[in-house]
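All chains are identified by letter, namely A, B, C and D, in their written order; residue positions are counted from 1 within each chain.
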């Protein structure tokens, strides 16, 4: 490849930079695992990785390939089960939750269930999995996904996982825990957040070589813009070195 | 006292594929054998005796992780069909979907994790071969087992609220009579037959699991009939020496199948890693109906039993997956 | 959709000594430290830093079995008072009742098991020194912890129904929206401070328990502050070598106290048997207020700390209780 | 002592004879423990002893002194916790449950909470403990207690543990599991059961040297009488030998 880094590597670095040290993160398969692992090696050595099927506080020496595989509780402080983890999240112990999906709307609601009518789907997607639970009970959720008009849409076909639902107050009205909700969207074009008042998605920063216009063009809904939109620094040599030599030596995400 | 009421503020429109029936479950459990009897049998015999077409089935853990794949292959071979399943699944449900054995799904996640969308579930659901799909989250389906395990008709939760997942589920929302907050009531789910692969079991069914226990504790207590497969069969004295390691007591278990590498091509913590080479090959095959049909023919129908499978895979190849030095 | 309702067919008249507040508990848990820090301290320091008069307290397991007696004695010594407690208890609550530290009790069982009625609870309750008593069953109080541990405001149960125990509790009965049956709703109970004695812990609070786990799993997850005492302090590497043996993860724990023989005069599975000689003496003393006052003076107030207690009891005597050959 | 056996030994033998082999029994402290142990040695080698705080299928080599002590899971098949045991009972797995109390009425309701007004008790008793749970969810409960007018009363001061409550259909109406309820009362004077139709207590058999009249005199409510009231055989030499040499060598219950 021509660039100095791959699009996956960029997403991993952007996601990893968001996580604070000394907090807990509910980790799904794929990019979030690498992001958490990178954060641990960089600025967040005390980031506690929590995996759906029971692993807490694992030392991520090898890249887990499944949310329940043995690497998710490698040298962990606790290996329990899905109820303990989901209830720990329901009790308010988990700060960050990672999410993905085929579609997202301006309130951060996600669809990973079906394209078209769910009863006669054009495409049957994998379903909620733990997504809905993460989106319901983690304090701050981070969505990671490619950025285009097919994915960033005005109306998603199915609300699998709750974002801010229909807007301000909607989560609380539905009975979801107070103070929870979408926090960031890390995409192939930039990093987005949410407006405090309207709970609508807002562009915060763009990726190297990406213009604000390009982000707007590739978003299927009216996107809010931060007053000063910053530029995300590309992956540093240190980040890339750790990623390629330590976290993903087999280059699954190169 | 005057009868007060609380509001049912929402009811999911999904159908209840398996109705909660705590009283019926209590009657069933009362009749279960409480004696220590030898339940060792082959995978074929276990399926023959304890599964019938139309049953509601569940598997633990899932797909590529401590999954009862040996039992799954025997189930497919048996020709029994028209199953209803709790669809937290990956590789195991693929085998049943590809052979058209599933009619209804309480659906949480069916996919290939890092390898993406599952073509089998796409073909089976988009074609309408699966007649009924009801949506749940992973926590919700596990809490359904937990409610059944507790002997109650439901437990409350703070998941699924406000979403289409809730709309397409069979859950209900009420206002908590203590706090006034809205809570989602998750109905109990009792399986006709559960399949769990464990690290070690004795011939009576007392079982131990190394590492995370997934939802084995809850699901094992939410089955009318439970078939356990184990990497190792150990003496009951070993169970009694460490009773705090038992996660499934014998009286829950109907059948014990000795299945070393019983999770292959999935992993087994403490024993072996998953067969990534085989799994990558599988991911390519499953992309097309033809490829998948060929895979099922080669890896299930053309093999009479687990022993034949181990021979086909080859002990040298299997030993190459071992993470435990003294393992086979 | 039109709002349906379900009936609240009964409400206990007992007061809610500690209100269920899942949202408040979530906020509290969010702020708890998630870093691995050294939490080792003395029993006095643990009580000084984490307990205040008026707190709602709980102890696990109970009285003569894996009971945090060292922490209990330090609590009595501290002079802090006006506590509210969950009254599944024996020897530990006796010490607090005899020293008039308890104002309200969610009462399940306070007695001397094979030795019968507990004179301390008789004196404290019959005299009115304990201002408020609310009744529960053992399962109900544990389910209250479980509901809190699950992060929900209540869980349903089939206990207490139809009895005065229910009438004098703060539980409610509703008709199940799925089955129509009546179920008892058990409200969540979050402790201000929980005390648990474990087999082994590391300095961060990761804890292991041998044998039955009583209600340690549930109660440890239902505390705002948790003080753990342990027979042995082990390296975190040992915890990480067997993560499936951890029952209490560090982030739940605020304080770790090294207390060998910390359950004395009670037993500790895998370490030592209960001190029947001392306990029989105690049973006689507690029969009268004077006898009890003398016991508390001699075995708590006259001793500055745990070390002094061990010296008074005598290591030879303690070793005589050992069931583990290499234990101290 | 003059007799060949003590009153406790008689109660233990009578209780043990009731339990069928191949069933489960929820065991409390004291006499039920000895009764279960004796039954295992006599006619019920496959009787599964279940203890409240987590012990299942223990081999009762030494007499447990507490429902949670290490003898309750000695060489057990499972050592879990109180929730697992109580929920296993709630799921219908436990056949027999043993109960005691300071007062019992004609419907087998038990009081172990208070004598007098519970808010200002004359005597504060130990409380429900697991009693209410055993009486709610075990299929058949067996009460063991001394027999006199102070204990067998028309109206108990507090219904701690449910018997048949106010009579036929009352348990079901209250929401308790169907088909459960009081089965036997083993007393110092005889063994009592319950009338299928009225759910009222009925004398089935008398202990050695005890007349029906004596039982009636010592019962504070109108006691039903079985058509043919049998005589309980005294403890056999074998029962006494096992009790004294194997189960209770220290003679705690002599």
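Some observations on this one:
Heads up, the rule we're going with is that contacts are C-beta pairs under 8 Å (C-beta built on N, C-alpha and C of every residue); 3 or more make two chains touch, one makes a residue touch a chain.
No experiment lies behind these values; they were computed from the predicted model shown.
For the pair chain B and chain D, the distance between mean C-alpha positions equals 40 Å.
Here the CA centre of chain B is 36 Å from the CA centre of chain C.
Work out the mean CA point of chain A and of chain D, and you get 57 Å between them. Looking at chain D, residues 55, 73, 79-80, 90, 137, 177 sit in touch with two or more other chains. Across the assembly, chain B contributes 22-23, 150-152, 157-158, 181, 183, 211-213, 243-244 as residues in contact with two or more other chains. Under the stated contact rule, the graph of chain-to-chain touches falls outside the line, ring, star and complete shapes. Contacting chain pairs (ordered by label): A-B, A-C, B-C, B-D, C-D. Considering their complex, residues 1, 3-11, 16, 19-23, 150-158, 172, 174, 176-179, 181, 183, 185, 187-188, 209-213, 243-244 of chain C touch chain B.
Every residue of chain D that touches chain C in the complex is listed here, in rising order: 29-30, 52-55, 65-70, 72-73, 79-83, 86, 90, 109, 113, 118, 120-133, 136-137, 158-162, 165, 170-171, 173-177, 252.
Residues of chain A touching chain C in their complex: 22-24, 46, 48, 55-57, 59, 73, 75-80, 87-93, 95, 137, 139, 177-179. For chain C in complex with chain A, the residues that touch the partner chain are 22-23, 25-30, 32-36, 148-152, 204, 206, 221, 236, 239-241, 243-244, 246, 249-251. On the side of chain B, the complex with chain A involves touching residues 61-66, 87-88, 107-111, 113-114, 117-118, 121-122, 125-126, 128, 133, 135-140, 142-143, 146, 157-165, 168, 173, 181-184, 211-218, 267, 269-270, 273-274, 276, 323.
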